[in-house]
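Shared chain: chain A. Partners: chain B in the first complex, chain C in the second.
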Partner chain A sequence: MYDKEKTLVDAYMSGSLSRRGLIKSLGAMGVTAATAGVLVNAAATRALAQNGFDWKKHAGTTVKLLLNKHPYTDAMIANLENFKELTGMDVQYDVFPEDVYFDKVTAALSSGSSEYDAFMTGAYMTWTYGPAGWVEDLNEWITDASKTNPDYNWDDMLEGVRASCAWNGRPGGQLGSDDAKQWCIPWGYEQNNLTYNAAMLDKAGVGVPGNLDELIDAAAAAQAANDGIYGVGVRGSRSWATIHPGFLSGYANFGQKDLNVSDDGMLSAAMNTDVSKDYHAKWVKMIQDSGAPDWSTHTWYQVGTDLGAGKSAMIFDADILGYFMNGAGNAMEGQLAYAPFAPNPAADAPTPNIWIWSLAMSTFSQQKDAAWYFLQWASGPEHALFGATQMDFVNPVRKSVWADSGFRDRLSGSYPGYVDMHDKSAPGAKIHFTAQPLFFDLTTEWAASLQKMVAGEVPVDEGLDQLAESVNRQLKEAGLG
Partner chain B sequence: MDTVSPLERVLRGLAITVVILFFMFPIVWIFLMSFQTNETILRVPPSVVFEPTLTNYTALITGKLETAAGTLEIAFMRNLWNSLFLSTASVAVGLLLGVPAAYAFGRLKFRGSEDIAFTLLSFRFAPPLLVLLPLTIYFQKIGLADTYVGLIWVYQLIVLPLILWIVRGYFEDIPADIEYAYRIAGHSWFSTFRKIALPLAGPGIAAAGLLAFIFAWNNFIFALVLASADKQPVTVGALAFVTASGIQYGQVAAGIVLSIAPTFALALYAQRYLVEGLSLGAVKG
Partner chain C sequence: MTQTAPAALPRRRFRVGRRALPYLLSLPALLTCIGILIPFFTAVVYSLQRYRLSQPWARKFNWGENYLNFMSDPAFWNTFKVSMSYAILTVGIELLLGLGIALLLQKRTRFNNFVSIMLLMPLMTAPALASLMWKLMTNPGFGILSYFAELLGFEDFRWASDPSTALLTVVIVDVWVYTPFIMILLLAGLRSLPTQPFEAASLDGVPRLFVFWRITLPMLTPFLLTATLFRVIESIQQFDIIYAMTQGGPGDKLTVFQVEAYLNFFQFTNVGRSAALLMILWAITYFLSNVFIKNWLRLREKQRGEA
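Now for the complex of A and B:
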């Protein structure tokens, strides 16, 4: 780095220069904003190197990662040179598209391959990987002061998100319990809330819906007032992924659970209560009246693409899906807004179910301590701040990043309502499912039942009773119920 | 004498046009999409009138994909090269091994020949994932995991049975008397195979090679499980356009155009052999 740039960055690090002032000054020297971000992080990394931790302990070691093609991965790769400089380690990585990513992970882990030391995963997947012995309990490293740098600040992680990545392995065991194993470390996460097209709602003369009944009415009104669009986008394919976003977030908001856990640890279906039946009936009506005509094929990308193309007025889905659809290359660029959403009028706040992209360590890794050096850097506060302020590393999982004024200003400037939405939702944001090994099978069947209800093949009451019966039978067969 | 009435001719032409439109429409539509941006592709209602752009092809060739989330690195051309190399090499190895084997099965009736031939065919029946996990473990032990050699070997599961069974039918179609006559003239068995059987079965071998190439090209799962990102074929690489920040439909279309081009050109060039290969060898086997 040239001396002038270095002096500026050091001034920023010592607090005598604001971030805006730094970017402006570096800009005057011909340094782009993205490069300025990397320079700032290089300075942060130099500061990290001074914290008394032996960062060079594994110098010369190479760790290999298995990664999903995602903006989180891009942010990490953009900052990777700083890690290499800090530790003297080398990092290799294989990046696979999301459609095939988990097939690749499962194949690598189930064959006991030692090729990859660490990999990206979803928290739900560790409910399979953990009990199978494919991933390590990371508490062993987090709690070891000789292996974790003093500035890692594990408590800085949002509680609901951190707890959602920890499970004791007992079916029905509470996530984040005292005896829970930390199967993975949260990296970035998604809440499920409302993203809406303000112009379409304005044209219909309706405000931003505040509960499920209002959402149903607003979706119908927006659909009627705007030509060629549908009211609300939610997922509908026959997959577990249809249940976990908006649908379960709303379901949890009414105090409903997927499964009951008895005192002796046995599980039973909980989705055929009266409240649940009422919720399902409203959800089904909403889709029938104002959902996508081809709803039953919709995965996250159809939901997002339609919103970005101006084919739907709202989505009740992942907030970052709404975030990306507001960006360049979309017909609705800069026209979307965000709102926290509590479907239950009696609820105090939203209770979004969450998807967490996390980092896990393979049991078959031959260099676990070195892999942990990478994991603690990649999930550390410095990289999180770099990714959130310079790249599209949203939503960050660290409280310190959400408290950063630069990050909040940046979001508020281009994504109206996003920060407020997150602040109001974060306290109730966690995985609301019951952790158990049949998770993917049972939720896929739940989605199939929902499809039948929407298609009118079965009444909601009857469909839920049938679903509960089937779930109970499967739990019994698996020795869980 | 021409017995076809003008009306019949018109109707026939019309029917052919409808059939061509039906089958060609998806390809033409994809071709048109490859010259559009996401915004024009997704507009409502869709239209065939647009301002063409080469950005999709530029992105694929330069490896820089512009998305709402910034610039992404993509390795599509590398994937294309991997597909070309893996398919060509696999078919070459398959022909080298399969043609002599097919001759043996077609000409020399020996004990267990049908059983062996059927066993080889049965490789096509096994679900790939069933085979792949144990294979991954073996490959790691013998150092073939994540190598082109290992992949070409595994691709023989696709190409070898196909070549063997199609070419065998061709060899059986050649009258044995021609070969006997050549042998009586004092030529060796190998010379008979090379000078008589091979040239006569040439079209069949070409058809089998072509079909095997198409099957190998379309394979998805073998490289995904057995190799790193840098050895992935185009079938896996094409999925990179489904990104967290949306689907890049224009690039998907351009990717499809580029990836079907080699097989499309081959199929057009040799379609006569293909039809023969399918209708003769495979059926009569």
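Now for the complex of A and C:
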């Protein structure tokens, strides 16, 4: 029996049998899909071990990770035994909830602690960690054939995502430029698009909105037609995290920027243009008319759970929030659908700003080469495919995973419109902010200004002029403007 | 062959000079102080620097520039105003409520003792947990308090989400958590007051309100001052309730000193500004503590003189 399974898996690995064919054949032998996944992954690990790369070079070494509690972390832990078997290394990790995670990272790195070799981060955070000298430029390892296995396939990463994790450290410098340093490796990412409750929109007699004006109207109509719900969920807490998802994705779609970069590299506020004011006014009206009543305290968590609980008709936020809210245990399980969203009627395609959970290497690590072994395995194509097909490791950052028919079929079967949404949005998906060291200061203030506008404390025009004035003052104080 | 035991040597006693003794006795306190003083002076040094972790190349002493910038920074004055408003409102309400409850429970009965212990429960709750609990109760969608507010005619009452009611909401949470502290302190004070003046007043048929204003309140003042001192110091440094409820929002409505300092350090990595904010908070706390302690000492001297 075992030999038959092994033969089938080897046939799959050699390319003579499709993934669907493999699962079907294993199923006929009484093997569950989950077990089949583990078998395939074990075979992939065996294949990896035979690619000529010295995976055992750091056998006996232990690397320690600092991780955020997240499905990506769960997927990695589920597959960790394969890494240990492949390398003979051991892996220890601390997992913290997101509320305190980044404080922990800042504390560990700013103290110069060598406790953690690698850690999860967001690309925005590396705009602080990189210039501070806390993380390594990973180009040194990626480009070194003696340290990176031949199947790693760095070019397989989605271009916009990969470039978003690379910055030359100059305020205003283009992400992914030729002189950029690769501060982190993309692991999984989120685009910002529409997730909607089709039944609620149907009840209101409205279609899936195609631009911001339609979104405002559809949200109002859905709210009016469905008792006890609000129309559209977007984040609103006094935090940078309010600006980067749907809000900035729409803002970028209208061709707007957060900052201007002059020829001499100086920065200045760019958020008080006429187009920006018009966009802000519409966004504010949308929240006032059809947003959550307690919008100003909404983080990603409330935006997601309200959708999953049937308290909102739509969200313009991270697509993976919609993905998870459509899963088991939610009141709206299986009732959500997805659509690419370009708020500007004149835009050709969506331009989602993205959040990237990434992996970075601590400068203070005492065993950087061993840490890189873990990083290249965890961000490699085998683990990405395992996570995407067997766990909830979405959105994958590798093109090969998005091209995998098993993965696409799985998504299309349970998440209507998700694959199409991703395919249409991916070309324009990247970080649309200007990379600079005051990112968190300025975006938090932007969120506070938005709160004032929504509360009617200040008119949009005036609020944006005040914000621009304050941003320019802060940039000047920091020697950047 | 016999062995003789060595002659016992006279024991030498370690003698400490009279001059060194005070220093030796204060050594444990000094060691404890070092744990406080080193971070304190480090923060003083940081507050005199332009120091952002994200711009290490720009780190340099700018001496008082961080403080001078505050003078022309509306955000700083807003922080000052919000912190003071919060401290005055919370401590004022807690004193009134705490005193009222203590007066009600003054008499030693089994029921009063039970109730006074029960009323301490909020104080046993971590403020951050209390905030999350209140956040749920005030949720406009399903919160029980929102439901009651609606029954009372307050349609669409948004509690901490609305700029006009955000301060009120966090003050309510603070009052819920800390009123028992004032209550228990004042209750202990009330029960320790000498009984003779009250018995004399009772025999003379003095009205109860007069007794309260002329006997109870003056005798209770040292306890009131102590409770106020503790609460003002704590209240002006409030962080967890406000951060857990609103992160300092909506807008800048609740950006108290600690929230600003936390955001400046942990999110903006602006160490210099964060340290300067905390130094100003320390100065305010130091000034208020001195005022309270001086008054408390003056009152004690006065009472001793009268005794």
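Here, the second predicted complex is superposed on the first by the 463 of 481 C-alpha atoms of A that agree within 3 Å, B and C clash if a C-alpha of one lies under 4 Å from a C-alpha of the other, contacts with A are read in each partner's own complex, and residues count from 1 in each chain.
In the analysis below, a contact is a pair of C-beta atoms (placed from the backbone, for glycine too) under 8 Å apart; a residue touches a chain by one contact, two chains touch by 3 or more.
Bear in mind that the values here come from a model prediction, so they are computed numbers and not experimental data.
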| item | value |
| --- | --- |
| Touched partner set for A:Ala328, first chain B, second chain C, both or neither | first |
| First, second, both or neither for A:Ser110, with chain B first and chain C second | both |
| First (chain B), second (chain C), both or neither touched by A:Asp217 | neither |
| Touching partner for A:Glu85 - first (chain B), second (chain C), both, neither | neither |
| First (chain B), second (chain C), both or neither touched by A:Glu98 | first |
| First (chain B), second (chain C), both or neither touched by A:Glu140 | neither |
| Chain B versus chain C as contact partner of A:Pro71, first or second or both or neither | first |
| Contacts of A:Lys311 with chain B and chain C, given as first, second, both or neither | both |
| Residues of chain A that lie at the interface with chain B and also at the interface with chain C | 103, 110, 228, 311 |
| Chain C contact footprint on chain A (complex, rising order) | 102-103, 106, 110, 127-128, 131-133, 228, 237-240, 292-297, 306, 311, 437-438, 440-441, 444, 447-449, 451-452, 454-455, 457, 470, 477-479 |
| In the complex, chain C residues that touch chain A | 52-58, 69, 75, 135, 139-141, 156, 158-163, 245-252, 263, 266-270 |
| Residues of chain B that touch chain A when the two form their complex | 37-39, 42-45, 66-70, 72, 132-133, 136-137, 140, 145-146, 224-225, 228-230, 232, 236, 239-240, 242-247 |
| Touching residues (chain side chain A, partner chain B) in the complex | 69-71, 74, 94-100, 103-104, 107, 110-115, 228, 301, 304-305, 308-311, 320, 324-325, 327-331, 333, 391-392 |
